[in-house]
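Letters A, B, C and D name the chains as they come in the text, with residue numbers starting at 1 for each one.
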Amino acid sequence: MADTTYIGAINDALASAMRRDPAVRIVGEDVAEGGPFGATKGLAAEFGERVRDTPISESSIMGIGAGMALAGLRPVVEIMFIDFITLALDQLANQAAKARYMSGGQLRCPLVVRTSVGAGTRSGAQHSQSLEAWLLHVPGLSVVMPATAADAGGLLLSALRADDPVVVVENKELYFRKEPRVDLAPVPIGAAAVRRPGRDVTCVATSRTVHEALAAADELARDGTEVEVIDPRTLHPLDLDTIVGSVRRTHRCVVAHEAVRQGGFGAEVAALVQEHAFDALDAPVARLGAPYAPVPVSPPLEDAYLVRAPAIAAAVRSLVA
Amino acid sequence: MADTTYIGAINDALASAMRRDPAVRIVGEDVAEGGPFGATKGLAAEFGERVRDTPISESSIMGIGAGMALAGLRPVVEIMFIDFITLALDQLANQAAKARYMSGGQLRCPLVVRTSVGAGTRSGAQHSQSLEAWLLHVPGLSVVMPATAADAGGLLLSALRADDPVVVVENKELYFRKEPRVDLAPVPIGAAAVRRPGRDVTCVATSRTVHEALAAADELARDGTEVEVIDPRTLHPLDLDTIVGSVRRTHRCVVAHEAVRQGGFGAEVAALVQEHAFDALDAPVARLGAPYAPVPVSPPLEDAYLVRAPAIAAAVRSLVA
Amino acid sequence: MWLIRAFEESVSELVGTGEVVGLVHVSIGQEASAVGVCDVLEARDRVYSGHRAHGHVLARGADPTAVMAELMGKATGLCGGKGGSMHLVDVTHGVLGATGVVGGTIPLALGTALALRETAPGAVAVVFFGDGAVQTGYFHECLNMAALWKAPVLLVCENNGYAEFTPRSAHTPVERVTRHAETYGIDARTVDGNDVVAVREAAAALVAPLRGGGGPALLECLTYRMRGHYEGDPARYREASELAEWKAKDPVRRCASAAVERGELSADDAAACEAAARRAVAAAVAAARSAPFPPPSALTEDVGG
Amino acid sequence: MWLIRAFEESVSELVGTGEVVGLVHVSIGQEASAVGVCDVLEARDRVYSGHRAHGHVLARGADPTAVMAELMGKATGLCGGKGGSMHLVDVTHGVLGATGVVGGTIPLALGTALALRETAPGAVAVVFFGDGAVQTGYFHECLNMAALWKAPVLLVCENNGYAEFTPRSAHTPVERVTRHAETYGIDARTVDGNDVVAVREAAAALVAPLRGGGGPALLECLTYRMRGHYEGDPARYREASELAEWKAKDPVRRCASAAVERGELSADDAAACEAAARRAVAAAVAAARSAPFPPPSALTEDVGG
């Protein structure tokens, strides 16, 4: 079969969901033109006004999506860069996430938000952040973070069948990564994927860093260290059993993500792992993430900012040393 | 000496800073009238236009504060409830926090943000959140969280002498708590306070839960368990040495805060403690926080939502069991 | 209107006794906008409110006992006691949300209007908000998009001249909210918000084109809150004379006496109306009072995520 | 203007070679608003820009070598290579910020204006933004507050008819940005933004009252970007005829030929101007190219917090 890309899978999933479910809508800036990365390419031609271009009004756009969802539609709101979700968190965290609870279960808000994280494009501190950890801290939001094309399409399909808000956190560096095409199929929310089995160290990695972890695992395997790479895929609800089960076998754990280490998803994983597998751990859970700094533009600085395979390999080595 | 309150200390600190430094300004909704809790009471009378009432435009107000700070003033922006900081995070996280870095050190942004967290007032899901963990994840922001009147005044004074943005996270339930008056003096940012020494378990607690931890410690002391209660006071930069030093002596650690447990400050503390004191720990670091739910209004539900002394005592007991 | 008045007076008392909990904003003095607007709405329409929401929900037909129980945090409350005063929702009566974040339901209403246009053509979405909300970015962003997309949404501004403790003049140099509508070519009217008949007429005139596929509309009701901003606010920031002036324009009494004057109602009937409303509220209070609190399990139910 | 034009053309080429990095928006076709406005500013004034910022910074007098080095991420860049194209800051020349978040510098400029009024009376704050930014809440919230507080801020909208790939008509029904200023009684003008003399005159007329303690002002410059939204955008969403039409109104060539026509400049001098600008840019590129990247330690320096 031909290759596919992460962005292609997103585009396919949107088209397929729109064909299947007349309630699906797309709302965002430049979505009719396909968006800057092509995620919504061709959809306006096929679905007309169901694909709605908006002005630059992120704060309200999120609420418009929520208001559509409360009235029975299934909107997909696109926030081009997660950096701009800073403008839209009132509607996401205060309205959409809490509508069901505050109404005592009268309301459901099947809102899907697509947004992108990630540095490496030299786009600077306001177009490169990874802020997904904020969303974990908001009860009522599911958060998925695909690392592969199959998951990008499959998790989006599942999000579009969920009855509560789901944020799909994509990664810009993965958009054009080629992958052998697989049939588009829903990937369940809340199920981790073991990307590579291994007996020596568990590495929990998200999004782009899954591929870095796999590269590190390849290298380490040459020295005889077998790393089990777990991709949670969903940050909330988290598939803790898969992670804890693995650590109970390997006795060691590294967590890696692109976001700033302090206050990141890795802190939650480390806290949970030490809580649920304390007796099994032979070493502290190691955390890898970005340093405490905004994302710089300068190439050598940005390269140093990103968690890449060598850093993961080094962390694993120091755990097994 | 007469008693003082947390809100009184804030008021005193603002007045004293405004007298001392002509660059200090206050900007926010209803601040001229004193605000809903009286934090700015009397200041408009003394300082006139330096206390600026604003319309309900949080998104821009934060930026106006940042723009004043970039031009050399020292504004204190009041965001009445941290729930509304969801409207203002672009200016706080993307502009104020990053201005110094993105300008290569040309700019400084001495912006102080005062805001309040906390439930217990039956005010519902949009007036009761504790979102301070979001701020830790934003490089460039200092975050202080006073538990006492002395710290509420003292940390605010220090914030008003800092050259980078500081968010002062106050707690509504503490505002009218009486405390013996102490002289208003700056409390250094980045220094924890050991609120009660103890040899058996370290309890790291923030803001309102400091008092819950002290109550739990009193009770546990009767059974012979001595809890060391540490109030970090500053969440970033964190005084990790004090915490780790304590855990190395007690071998056990509980972290308590009012915020939702998942993705909260406690995750960061637990991750750091297991990393830096792994060999010293006799049990996993325990975390207490709110359940994964918005804050309900109903009295019995909201009471159950809050971390109180008995829950802390129970967590300590299960650690020493 | 008497129902709302009696309800709110009762709420005010029960805040005093601690039975009604939380941060409570009553709408005494503003009943006419709720009643006048909701009177022209149909079952298929959808309504959003703000932090001062009791009147809107009652005007839509919500059960006073369930509303009162909600304000007390009881299991039988509209929202099972979890939402409270600022978050009243009554899907049965088409109320999809109220908000503690000023301006926060304006985009929700716009989104709902867009949905209704496709799923229930002819239905409209309505959002009530205060003059303070007019200074939020939400109001302006949504005014633009509503006009751009010709959405069937009616924006109802209850302009009571204050946002919390601060008068309009300290919030904006723009005196009339309708001025903003003009910029976008949006159909808009300013009415005496204490005259329920005037409100009703204006609302009917604005809503009719929306049902026919027309663009958005804005209704500005000039009114006054006869109590403090929230229960407990001593309202020292305003003159006694101002309050007295507005008391003379009390929308509830004015409506009743006008009906009597026009001979539509006898003085006795008018008094009976008031008495019936007070009885209904007393019964609602009694029922709400004796209702149970929710079980502990409710704390983590209906969270989603 | 030739300096900006030559600079931007060079940037465009260097994006092609990969030497200039990141998401780059050039201002070819929009030079007149930068130059016309900045020409009436003084050293004490403070300027903010948006994502299309190169021209504004150069018009304020920033060193082209330092700007180019910044776009390449070099240590000698204006911001040590850390800010990049969308975040140019040059405190020496009074540029306090640019932003990648559309509309994000409008509140900053308002805050700075309020500060200047007290600390440097007579100085003004200026913010450049596009027509897309007019649909953000920031614009409207700040228009209101600027008018309310009579802040010495000049809002300059470079209205090029597009926000990314979407024309004005799909963003708002309001054709003229000045319409919003009218609502607040704000002094405002719309000018041919490709006529540097007209821009300069309008800016001078608007700024003078601000220096004397007057309220805010808004200048709308009607212009066009002659390239895609960002470098790499094939701009398929617009007609070739539209581009051709605007090419005829090229602000740089127009200014040069007008000066020649008026006899202020000989044709030779005009050509010399262009050549000098191109030489200066070539020198800047060469110097920036040979400059070092920042040391690894810079990654975590100047973070604060």
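Simple rule for what comes next: a contact is a pair of C-beta atoms (placed from the backbone, for glycine too) under 8 Å apart; a residue touches a chain by one contact, two chains touch by 3 or more.
From a predicted model like this one, the values you see are computed outputs, not experimental measurements.
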Co-neighbours of chain D and chain B - touch as defined: A, C
Of all other chains, the one whose Cα centre sits farthest from chain A: C
Distance from chain C to chain B - Cα centre to Cα centre, in angstrom: 35
Interchain centroid distance [CA atoms averaged], chain A/chain C, Å: 40
Distance from the mean Cα position of chain B to that of chain A, given in whole angstrom: 30
Residue list for chain D, restricted to those that touch at least two other chains: 77, 80-83, 87, 99, 101, 104, 135-138, 141, 144, 148, 170-172, 303, 305
Interface hub residues of chain B, defined as touching at least two other chains: 55, 57, 59-60, 83-84, 86-87, 90, 94, 97, 101-102, 124-126, 138-140, 236, 291-294, 296
Overall pattern in which the protein chains touch one another (line/ring/star/complete/other): complete
Chain D-facing residues of chain B, complex: 52, 54-55, 57, 59-73, 75, 90-91, 94-95, 97, 99-109, 138-142, 163-165, 236-237
Interface residues, chain C side, partner chain D - complex: 135-141, 144, 147-148, 170-174, 179-180, 182-185
Chain C residues within the chain A interface of the complex: 46, 77-83, 87, 89-91, 96-97, 99-101, 104-116, 118-119, 125, 137-138, 141-142, 144-145, 148-149, 301-305
Partner chain B, residues of chain C touching it in the complex: 21-23, 73-75, 77, 80-87, 99-104, 132-133, 135-137, 163-166, 170-172, 237, 293-294, 296, 298-300, 303, 305
Chain A residues within the chain D interface of the complex: 29-30, 32-33, 36, 53, 55-57, 59-60, 83-84, 86-87, 121-127, 291-294, 296-302, 304-305
